[in-house]
Amino acid sequence: MRYRYFPGCTLKGQAKNMENTTLAAATALGIELVELEEWQCCGAVFPLYEDELISLLSPVRTLAAAEGEPLVSLCAACHHVLKRAQELMQRNEDARHKVTEFLEIDYKGEGRVLHFLEVLRDDLGFDKLAEMIKKPLEGRKAAAYYGCLLLRPSKVMQFDDPENPTIMEDFLQALGAEVVKSPYRTECCGAYLSVTEEGVAADTVARILDSARKAGAEMLITACPLCRYNLENCAAEDGKEPVKVYYFSELLAEAMGLQFDDLMAKAIERRRSSDVGSS
Amino acid sequence: MARTGVFVCHCGTNIAGTVDIDQSVEASRGFPGVVHAGEYRYLCSEMGQDLIKNAIEEHNLDRVVVGTCSPRMHENTFRKAAAEAGLNPYMLEVANIREHCSWVHREMDEATPKAIALLRAAAAKVALNDPLDIPELDVEKRALIIGGGIAGIQAALDIAEAGYVVDIVEREPSIGGRMAQLEKTFPTLDCSACILTPKMVEAAQHPNVNLITYSEIDEVKGFVGQFDVKIRQKARSVDSVKCTGCGICWEKCPSKAPSEFEMGMAKRKAIYVPFPQAVPNVPVIDRDNCLYFKKGRCQICAKECPPEAIDFEQQDVVIERRYGAIIVATGFDQLDPSIYGEYGYGQHPDILTGLEFERLFNASGPTGGKVVRLSDGKPPRNVVFIQCIGSRDKARGMNYCSKICCMFTAKQAILLKEKVPDARSYVFYIDVRTAGKGYEEFQRRAAEEYDVAYLRGQVGKIFPEEDHLVVHGVDSLSGKIVEIKADMVVLAAASIARCDAPEVGRKVGINSDSYHFFNEAHPKLRPVETHTAGVFIAGACQAPKDIPDTVAQASAAAVKAIGLLSKEKLQGEACTAEVIQDECSGCLNCIAVCPYTAITEVEIEERHHGGTLKRTVAQVNPSLCQGCGSCTATCRSGSINLKGFTNEQILAEVDAICL
Amino acid sequence: MSVGVKEKAAGWEPLIVAFCCNWCSYAGGDLAGTSRLTYPSNVKVIRVPCSGRMNPMFVLRAFQRGADGVIVAGCHPGDCHYSTGNYSARRRLSAFKRLVEFAGFEPERFEVRWISSSEGDKFAEEMTGITERIKALGPNGKMRDARWQKKA
Amino acid sequence: MSAAANKTRLVEEMKAQSGQDPSQCFQCAKCSAACPVTAAMDLLPHQVIRYLQMGMEEELLKSKTPWICASCFTCAARCPRDLDLARMMEGIRLSMLRCREGNKFGPADLTPEQLEKLPQQALVSGFRKYNK
Amino acid sequence: MAEKSLKEAEKIREIVGQDLLGGRIGLLLGWEKGHYWWQSRPLFAKNEADLEKLTWDSFCVINLSRYLLEELKEHGKVGVLVKGCDARAFNRLLQDNMVARDRVVLYGLPCPGMLDYGRLNEEAGGALISISESNGSVTLKTGTGEKSVERDQVLMKKCAECVYPDPVVYDQLLLSPQGKKEGVERFKSVEDLEELTPDERFAYWEGELSRCLRCYACRQVCPFCSCRECFVEQDNPRWQGRAYQPGENFMFHLVRAYHGTGRCIDCGECERACPVDIPLQELNRKLIKDINQLYGDYEAGVDAEADPPLLTYRPDDPAAFSEK
């Protein structure tokens, strides 16, 4: 199983651990993730006005760079932007024409654009994953936190049922964890409001954590560095039992029995440093 | 050689104002076959018609052209006049020189040559006209009603009272339909069973009504007055004649299955009647759940049945019968709200649809008439009703308004308050629609006297928390977000067409709108007729509607059917297709394009080298043919022709118009 | 060669034959009249029961006999009085239109329109439209039979 | 009140650039019921559409709500009219950023602590959303 | 003649001989040599002596299916040798209800394509005496010597453009299949014509059709022309004028082609039969191309069960006219 891999800026910075754990687990699972050469920003936000073509330049360049091979990313935001940019290229001929002309590339919206969780579900299969788990997370009460970007708009993202998704729960089950469902698992964490309106994010985060706590969760998993930041940093100091937040890949690596110390992280870092682009 | 008379009408100045009548008459005299031409101020008047009749006699005319208003206006008037003068009515053609000429052109030198061209074309056509017969069709004095809900029952009783035999075909083991599932009816709060049951019994006992329950339509052939229908009576496994309806069998039956009538909220036995007042009160064995049919042993019902009515060997029976008229009254379904993940329907027992909630009020319902939560059996304190679940929703549901939900919600909120006095109802709505006699007053009573809180807005999400449901909604009028800790949530799920409506429509030969509701022939003026003559529609199979509208429509459909059945003979279409069998090569492409299955294949014999040879050709049933002519355009050799619009006639018109 | 039409001299008026479905377009034409709308008298209507009755040979015959333009008007898809006649017509006439264009007819020469009985205004507009387009195009000599050459 | 219902430049641009036509909204307010961040808004989401319908452009451009909207798309996912309110909100923001107020937010608005802890993604998307 | 085709002919004769002489069929439709070595004509074999004449070579171009129309009147069960195009023609006739499937035994002959005598002669450059074939090449023997050419170069045009060389329907396949041909560019000349202006196209067709003799050979060989009385011969109404008018030529050829809409199996027999080389296939293929484009891919004659496009519809069909 070979995929082109787009890391995105945060995975080389704050969310380095999501990348490190994923790459280690992928290798163990026989999934080859080949990092794109000289990649650049995913675009960060998908332009909701269709004349904001400038924001499409970097995601379309990225899509074209995959050369028709399946393109995998880990960060929910990157995946969201890439997937929607691809759909726009398929649907809006005018926009496609302008963007590809400008970039002087030939791209018509081809190729699969996948989140790593989709690779695990659709290509590897959670059954198969479960078989390859070495240290099941027995007795660990874990809840999924999906956030927005993977799920919506569902017609474009095609990730899972937008109201009742199961992919992360199925994933946790495959890891052997005790799955806990919380009603706020698909609600927004406040996103980049934490930059400008910290109070708003504090509210949303409190609701999410409260509802997870009430459901009995000890930990949450996420695929989005910003969600994780908000959940960890915007929570009010209320003295309640903290709910730990992990990247899904961190639990994956743990369940795969991968010793994840600094040494290994550095080894991966070294191996990849030659072809890492700028963020 | 034709002897054609041409008559040009002035229509006061309507025609004469822009068409030079004299010049038109003069030109007409020169058309081939024209032996007489005249004009009159108002040809459609008595005097004008007499002028035509006299000329027919005086000049021995065998065909007539009138240059007048549109044939859609007075063609029949002039045909009648011609017939009175002894001509076949179809030996007349109309040149439309008013709507298509004098009224759309302003200059005399423009309109006159065109009027002449139109007259010339009509004269060329009429020269090729043949006398046509209007076929007379027999009427089978029997009506078929598909669907035994309140619409079907009402229509059947009306037809039966008028003296005609009527059969009701019902798919379920009992008639009664959706109305039988209701506890009370708005806005009067009559007990539904109290007003429906007598009608069901009346239908069962009426000498002119036959109930054919647990049955479906297999096939409909034929045409108005003579529909040949195959009805499949499913094996009941119980002899209806012997059965007394004592109920011992279903008491003793050890096997259970979810009850369809109770929306799956309660169990029934494998041998069962759907509800206590069922008509006929004869059970059926659900073979999928019966131990005997599944595993070959048990037969307890047969052992216990006093009149020995159980018959495991019973087979499906196909009844073939002819009907003069058909009324389709197949009712509606309720949309499954589980498509809305945010409401959590199907994931929590206290989130119900309106119809499910209705059953909780019923004494024979799943809770014995106690309004309690299915999760813990406790009576609810806070009940949230949400309107427009799948109605008015073009994104995921139906774009239309389901019409009945505002009212049944008000009714259920009132009933709830009566059963559980300390309960409080909240209704999230987009608009409250209460058009109907006494409806607005009823809904206001709910709000004013029964303490029902109406919140204008929708609900974004429902989720369980501890022992209640959190309803996250908004009241748009105050601009406030509302969060209610509810004990139950009732979703007013959209009324939708029955899932098998397209199939029923196909069998009966009527069409549907994009939601699969059957189409009426005209939305205002022909509300219960369909485009297929002799087939009528009633009730919620046409669009969502309440009981009063359904019953009114059922009676209307019955009157239409009675009117049809009361005729001795029906007049058919004169302009029908006709196969020239000598030329027909039998490719039968015409059959594929005929919308009326009016064309069939027939084997004919013909001479071949002294012997006879059999071959297949097409044949038109003139009773079924409506005269569209699609077959004629598909026939490469012109071997099927349309009377009144023959290939020869149309080509003659083209030639004449182009001269 | 029959193309030698020398009619484009001043005063040339095109002949447009309109085949109209009795139930919709013909009635739409009636409504145009009742509403006192106007359209050029170049258009002459032949009534057919349904657009499904249209044999393409009628169209070719009109061209042979001197028509400069032909239009077929039927019910909007889904509204056929005979339920499916116009669906059949749509396929047949689409194929036929492509064929006559392939034979060298200008696309404007043969048109199909859906006009309902309530669209008197559309009827007048379409009839005006085709007349204007044919006037701009000039006389049709293609396929015209020499015996039906217009006397000037 | 400039109740020039529905004809403003903003609405016309919105129809062209995002395919969203406010007149299709019948004010069921499900967007507001679904929105996770209404607490900080001065206009509820459905009111934003109502203002668009009423042509109250000036009032809208003064509102805080478009800047609170986090583009989580929950409103769009649940709208029975198939409208994408997130795109409309974007239109209002762009209208201001492009020609009215200029940038809403820049690096100077951040504390050194935020700069260190925030994920890169938040900084980039924040600048993209609030900056031109 | 190539040894291979002689062997094949032997095999065919053996198999059909069993059926004919065993009484399973009353008549076998096949080919026999014509007056010249480069001609084959239909063989109506009823007995062993007839069978001796049966031939299978690179000149068996005539489509035999059409002969069934007459022969089925005389014989209870008829066997017929079918190449790819003959089999599609059979399906066409079957769909038109012209033949009864159970009264016909189809012997399928996957077809390598027939050779064009004109092209052979041209390549030979002199008086051609005979040819021999091996491994995809043809050796031409003239009075002055021998020359070898690729078989593809001397195929009949219709065979070079054939997509389905294998019979799509048969009771017994007598030879090994050739496989469906991919990448055949049969619409090239149609597309070229589409590029012209209407007047240029009209001039083109007027030139081509001016040669028409109205011999109706195109119709006589055509598997979709099975009417008992063709419109051109009818007096009432007289669709088709008899006069020599360019308009009448258009009338005939446009209507003939239109009658093949969704029905023409693209066998090219009309064009082959035309004594004055009118490119009739271009008209047929225009319709095939456009119908496929408008109403979805459909290959007439390939599947007798599929609905011919003009006999069905979808409510959301597109139209070729500019109705808004």
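Think of it as A, B, C, D and E in the order they're written, each chain with its own count starting at 1.
The rule is simple: a residue touches a chain if its C-beta (ideal position, glycine included) is under 8 Å from a C-beta of that chain, and two chains touch if they have at least 3 such contacts.
What you are looking at is a predicted structure, and each value in this text was computed from that prediction instead of being measured.
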To reach subunit D from subunit C by way of touching chains, what is the minimum number of steps? 2
Which one of the chains is farthest from subunit E, going by Cα centres? D
I want to compare two interfaces, A-D and B-E. Which one has more contacting C-beta pairs? A-D
Determine the centre-to-centre distance between subunit A and subunit E, using the mean Cα coordinates as centres, and give it in whole Å. 60
Nearest whole angstrom, what separates the Cα centre of subunit B from the Cα centre of subunit E? 50
Rounded to the nearest whole Å, what is the centre-to-centre distance of subunit A and subunit B, using the mean of the C-alpha atoms as each centre? 53
From the C-alpha centre of subunit B to that of subunit C, how far is it in Å? 36
Multi-chain contact residues (two or more partners), subunit E: 231, 239, 310
Using the touch rule from the top of the page, what residues of subunit A touch 2 or more other chains? 162-163
Junction residues of subunit C, two or more chains touched: 56, 61, 84, 88, 92
Which pairs of chains touch each other? A-B, A-D, B-C, B-D, B-E, C-E
Name, in rising order, each residue of subunit A that touches subunit B in their complex. 161-164, 183, 211, 214
Once bound in the complex, which stretches of subunit B touch subunit E? 582-589, 592-593, 601, 608, 613, 616, 634, 636-639, 646-648, 651
Enumerate the contact residues on subunit A facing subunit D in the complex. 8-10, 13-15, 41, 43-45, 47-52, 55, 75, 77-78, 147-148, 151-154, 162-163, 186-188, 190-197, 199-200, 203-204, 207, 225-226, 228-229, 233, 279
The answer for subunit D against subunit B in the complex is residues 26-35, 38-39, 44, 46-47, 74, 78-82
Residue numbers on subunit E that touch subunit B, as the complex places them: 73, 96-98, 226-231, 234, 236-237, 239, 259, 307-308, 310-312
